[in-house]
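Order of writing sets the labels: A, B, C and D. Residues in every chain begin at 1.
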Amino acid sequence: MTVNGKDIDAVTQVLQQDTETPTLAVTDLRVWFDTPRGMVRAVDGVTLDVAPGRTLGIVGESGSGKSVLSRAVMNILAPSAVVRSGSRIEFEGRDTATLGREEARKLWGARMAMVFQDPMTSLTPVLTIGAQLTETLRRHLPMSRSEALDRAEELLEWVGIPEPRKRLKQYPHNLSGGMRQRVVIALALACSPRLLIADEPTTALDVTVQHQILALLERLQREQGMAMVLITHDLGVVAGRSDEIAVMYAGRVVEQAPTKVLFREMRHPYTRALVGSIPRISDPSHTRLRAIPGRPPTVVDPPPGCAFAARCPHARPRCLAETPVLTTDGTTGDRHRHACFFPVGTPAGDDAWTTNLDEGRTAAGLPVDSRSVL
Amino acid sequence: MRIRPRSTAVACIGAVVALLGSACGSGEASSLSPAGDPVRGGTLVYSYNTEAQSVDPATCAIGIGVGPCQAVYGALLDYDLETGEIEPGMAESFTTEDGKAWTLKLRPGLTFSDGTPFDAAAVAFNWGRILDPALLSPSASVAKTIDWEVVDPTTLSVTSKEVNYQLDFGLTEALAYIASPTAIEALGADFGNNPVGAGPFTLTSWARGTEMILDRNPTYWDQPRPYVDRLVLKTIPADDQRFNALQAGEVDVMAVTVQKYAARAEGAGMKVTSAPLLGGTGFRLSHRGPLADPDVRTAIAKLIDNEQIMNAVYPGEPVASGFTPEDSPLYDPGSAWPERDVQGAQKLLDDYRSRTGSGDIELTYVLTAGSPVLSQTAELIQSQLQQVDGLRVRIVPLEGAAFAAAMTSGDYDLIVSGLGGTHPDNLYKVFRTGGSSNNSGYSNPTVDEALDLTHTSNDPAVVESAYKTAINELVATNAYRFWRHARTDLISPANVHGVEVAYQYWFRPELVWIQQ
Amino acid sequence: MSHSLDKPASVVSEERLPILDPQDGSAPVDELTPPSAEVEPAGRRRRRRDVGAFFGGCWLVTIVLAALFVDLLPLPAPDVVGNLYSLPPFQNAEHILGTDQLGRDQLSRALHGARISLAVAIGATLVAMVIGTAAGLIAGYFRRAFDVVFDLSTNTILAFPPLILLIALVALREPSAVTLAIGLGVVGAPTFARIARANTIAYADREFVIAAKSMGSSSTRILRREILPNVLLPVVSFATVVAATLVVAEGSLSFLGLGVPPPAPSWGGMIAAGRESLYENPALVLVPGVFFFLTVFSLNRVGDWARGRVGRESSL
Amino acid sequence: MMYRAVARHAAKLVSVLALVSVTTFLLLETIPGDRLASVLPEGATPEMRAAAEERFGLNGSLPERFFSWLGSALQGDLGRSMQSQVPVTDSILERLPVTLELATLSILLALLIAIPVGVYSGYRPGGLVDRIATFLCSITLSIPSFLLGVLLVFVFAVTLSALPVTGWTPLSEGLVPHIRSLVLPVVTLAAVETVGFIRLLRNDMVATLQQDFVLSARARGLSTPRILLVHALRPSAFSLLTVMGVSLGRLIGGTVIVETLFSLPGLGTLVITAITGRDFLLVQGIVLVVAVAYVLLNALVDLTYPLLDPRVRTS
């Protein structure tokens, strides 16, 4: 029996594995960028973890810091990035900051891999597919050139590319978008990694190909038993395919929960707004699309208080003064945490909403009326 | 003028000057005691700042082209600069009773390097070829003045159209080079690059612009000469670089026309063989427009300050106070340049302008472009001549061929030129009315009479005094003015013996031997 | 379309300034886009570049003023022969920068030399700009046959070994500043022509041009009123860089003794003359050399700055 | 498609060469003064002048002379030099290797310096190396080659007397003296080319390193040198190749100054003597050869470009 795409035994499996060490554990990660306009706090204190074989979906608008998070984990940040002290990234229990050169070489690219957004530019245009595959294989695994070529051919076949032998000699621009993304995935899974980070893997593809690629990722994950982090701005992509979802806003995780719990018991107004903005086929035609007013905040020297306050219908004076911390309120299991003083679906949240409704605007000055309830 | 314009220009450019503070006097050849008798073998390297264009006997009898020709063909007669005598070379003798009928006796059994006989017919063939206008031979002007006829394989009777006791000089350069007729007919236009002669050396290879390699000609008549096995001619344009090569032992005989290197060479224990040439580095005056008037010419002569030019451009070198250097047999006190006198010059010019009512005089000073030394001298002369009002000088630098065109067509007021050449007979060509090189239109009865005497008289004393009168008249009429005697220095390391200056920048390679 | 445009965008085919011998005294230039984006924080970089352009501008102003009013300055005349020969600089109050082999004051010769070098260079740049822009406009607007002729003529000028073309032009005529300026102008024209053409093509299909065409205005009116003003800006921004190249060309020619005839001093000529006594008194080369270097350096810096400024405004 | 491109280039090449020859011919025709001045000896007779005009093909109408020259030129016979009677083709072939060696060595030296500096400044733009390189580049660009040559001579040859002042030592006299005589001229010529290459490579690298495939290469754990030299440098190398080809073409006609300064027996000095000696046939021959080299190299670059860069290749 499948619940929107996830068969039931997988779910039970999830419940048993809580005690195992997580493949990836990020605690209080802060990544700031030194720019002429000041220190940009791209990632400002993120804590999350992914158990082996599990999929964590990370959702957020562009500029929320989800890509920077993925690059920090993969240790491929731009030179101007500064990982603040106190940040900690653990991979299978080992702090990646303390790895020696040799161990680091074995980790990044082999045990931990990444897939990028635009297949058009993710492959080196001037090298053949075969060259790029064998290069990665021989970098991490002791293989002769011919062995690497055979393994490369297997990989291409494995990701569903027809006539793999012929493809090895071709160049990226000879292939279609979907085909190229399959090659990128083959490249990532070349050394059977324990963790795969997919940063918007299907955004650049059209919908039909999108579905094939996501199904492929899921199949490969199940066969490899590897952990996966699926980063996207499209709730639809993560809704059916991830065990847990973390919602990021302005460099922070504002809510994290198992997928079903998040959709049924969402606590953070931003999550509700996000879910609310997905148009449903069931809606009558001409229903006005619900958009979130305002724009994501610039993360340079952010003011105190909750970053979402300016756009949050529940905003109260406390939200402007104090920064909410990610906590669980015990009502929906300890895996469900959110960072909000007046969460949705709680008496405090409802009071805040009705008070704002009476005043006609939120504490942050956002005009509010009955229609704008999300 | 004997030297083809282009090579004079090159010679002047060759006179590149570095303003060396070090004092240096004019050093005569410091001859080392001969170290025993000559030894055969070794390679002799000669170097100068430019190279011949072709080794075709018809066209090489000019300036820099002489070297390779003399080495490959040998000259019928040789002119010894020191003694002023003309000695037999490839020919046995060239005698005359009346200056009109001459007899050329050749050495019996002489052959070219391709085995064909070097006989009277070969000489006749070469001289006849020179007359062919298509070959544009500079020697044609001399060949036209004589007729010749083969008497027997070793004898040629020559009749000069006019009495000319100096005709034998013609056989040391213009008509000196005889090539193998069979080779000329076989190679045609390419003969100039692979010559066949009977001289001391044969041409082995020629990388133009860098070096020409010649090897000993085994069938040369004057065994055991040439002493050296191989002769190399290297072209190194910059004087200082050539001197460095000499010091580094890469060059055995370095030709240079600037005094300072001779002094530095003597300082370094090397030998300097030098020889004064006819005339010097200066300029020639044409006879058109205001320059036709003797007062203007004298005024110009009075304004030139040799002292200042030498101090600025050729520091440390002796100043030419007159036409001929004191130590030359043709020296005469009368050939000294007029005293510098600015007021006198101003008066002369004012008289001329009042007499002819003409306005300011403007003269063009033509020189070769690209030589800093020449342009500095030109600017100096301009400032000297413009000390007086009413006289303006416009400097006109022309590159190679345009300069030659101006020279041959006489299209100039003052033009940079050196007389060049070694034999006083050159005066005849340049200053005798109608002389083949007289493009300045100079015509002076006294000079003509004196120069004709040098041809018609067989008495050396008469000839010498005739030259002196001619020179004094040339100086008096300001035909030509220079500030530095032309001289050639051949510098060679101590172990190279037998170096003698010949022609202008060449020597007698067959007489040189190297002490190992 | 000029072939440099149909190369894939990612390959930045920098069309080298095809003037003169390799010494073309200017940065490789792409006609259309401004210097490529620097990843470095823009703020800091722009300030640093302005400093170079600022000093460059100051030097150019001083040298041009000095060259124009050199006669008013308390300096001995450039061709007055003195008796202190090749005096090193800073040793004699009267001759601050020393004297050359003929005892003439180096400073005054340098300034008079500046007058000639700059006059020839500026003259030649104007000639090049007029010819080049006109050719570029016509070829860019009318295309087809004009384009072929344009391509052929620019390639012919470029195929000519640059200095050989100049020498042939100058050496075989009566050498004077005018023939020099025209000769240099011809050699400088292709650069302006290509810039003008590229910009004209880009502007030719812009709306306001099509609108003007539809209103029936004649081609010449369109060219003059619509396209020329827009093309002029990028062309003029190159003027300084081309001027730098032509100053070098004039210097090279006088170095070979084929520049402006003596006794008019020119930097190239002074360097050539100084070369003879390099060992005894290097100042004879260094004094004109420094003037030469500072002028070319300033022209380049001001050129870069102008192109940077123009690049931003007229980015197509 | 490839044959059409080749045909187009061939047509362009021929037309440009024709135009170059005609222009040179007209340029030489319109020279004031006597065209035979440098050839006729002193006191030349009218017959000599007539014979000379006949021999150097100076009589006959302008078009006749041009087409007779062009006719023989197409068969490789560019006529004989008026002064040395040496066939023009021979004297060019004798001098061409010197100029070619100078040009190629300068380009190689320029690449040798430009690639490491260009790649590193592209990798760390605004860093120390980049700032120093940019500063030195703007200095070098502003020193004309003749000034640079004189300064180099002053420092290395005169004061340190480590290298010969001028002159050319052919390879036959040993490699070391040959190279020693080449160092200063090649450095003088290479200076500007190096600047051009550094700037080009740096800008290309900066652009390429921002591409995603570089990030994904790093994500695959490939080493930085490998990413720089294989993944980033290769796409930039193609535009470098284009500029290199054009520079080489231009250098063949552009070594006049350096050859004159160091008195090297290359095409540059030959053309100077030819022009000053009004040796028309020699000038005509040299200009044609240099133009052919320039146009051929440009065409070669345009044609080989697609073969090298897979993105452009339309296989």
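Just so it is clear, a residue touches a chain if its C-beta (ideal position, glycine included) is under 8 Å from a C-beta of that chain, and two chains touch if they have at least 3 such contacts.
Keep in mind that what you see is a predicted model, and the values were worked out from it rather than measured.
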Going by the stated contact rule, which chains contact chain A and chain C alike?
D
Could you find the chain whose CA centre sits the greatest distance from that of chain D?
A
Closest chain to the overall C-alpha centroid, by per-chain C-alpha centroid: which is it?
D
Top chain pair, ranked by number of contacting C-beta pairs
C-D
Separation of chain A from chain B, taking each centre as the mean of its C-alpha atoms, in whole Å:
94
Distance between chain B and chain D based on Cα centroids, please, to the nearest Å.
40
Could you work out how far the Cα centre of chain A sits from that of chain D, in whole Å?
56
Take the average of all CA coordinates in chain C, do the same for chain D, and state the distance between these two points in whole angstrom.
21
Of all residues in chain A, which are in touch with two or more distinct other chains?
none
List, in ascending order, every residue of chain D touching at least 2 other chains.
235, 275-276, 278, 309, 311
The positions of chain C in contact with two or more other chains are 41, 44, 171-172, 256, 272, 275, 279
Please output the residues of chain D touching chain B within their complex, sorted ascending.
33-34, 37-45, 47-48, 50-52, 54-55, 80, 83-86, 91, 94-95, 164-168, 170, 263, 265, 269-270, 273, 275-278
Name, in rising order, each residue of chain C that touches chain B in their complex.
79-81, 83, 85-86, 101-103, 171-172, 175, 256-258, 261-263, 269, 272-273, 275-277, 279-281
Chain D-touching residues of chain B, taken from the complex the two chains share
1-2, 4-6, 53-54, 56, 59, 62, 132-134, 136-138, 140-141, 189-190, 192-193, 207-210, 236-238, 240-241, 244-245, 369-370, 399-402, 404-405, 408-409, 429, 436-437, 439
Which chain A residues qualify as touching chain D in the complex?
71, 74, 76, 79, 105, 107-110, 113-114, 116-118, 121-127, 135-136, 139-140, 171, 173, 184, 187-188
Could you list, by residue number, the parts of chain D that touch chain C in their complex?
12, 15-17, 19-20, 23-24, 27-28, 30-32, 106, 125-126, 137-139, 141-147, 150-151, 153-154, 158, 189, 192-193, 195-196, 199-200, 203-204, 206-208, 210, 235, 238-239, 242-243, 246-247, 250-257, 260, 271-272, 275-276, 278, 283, 286-287, 290-291, 294-295, 302, 305, 309, 311-312
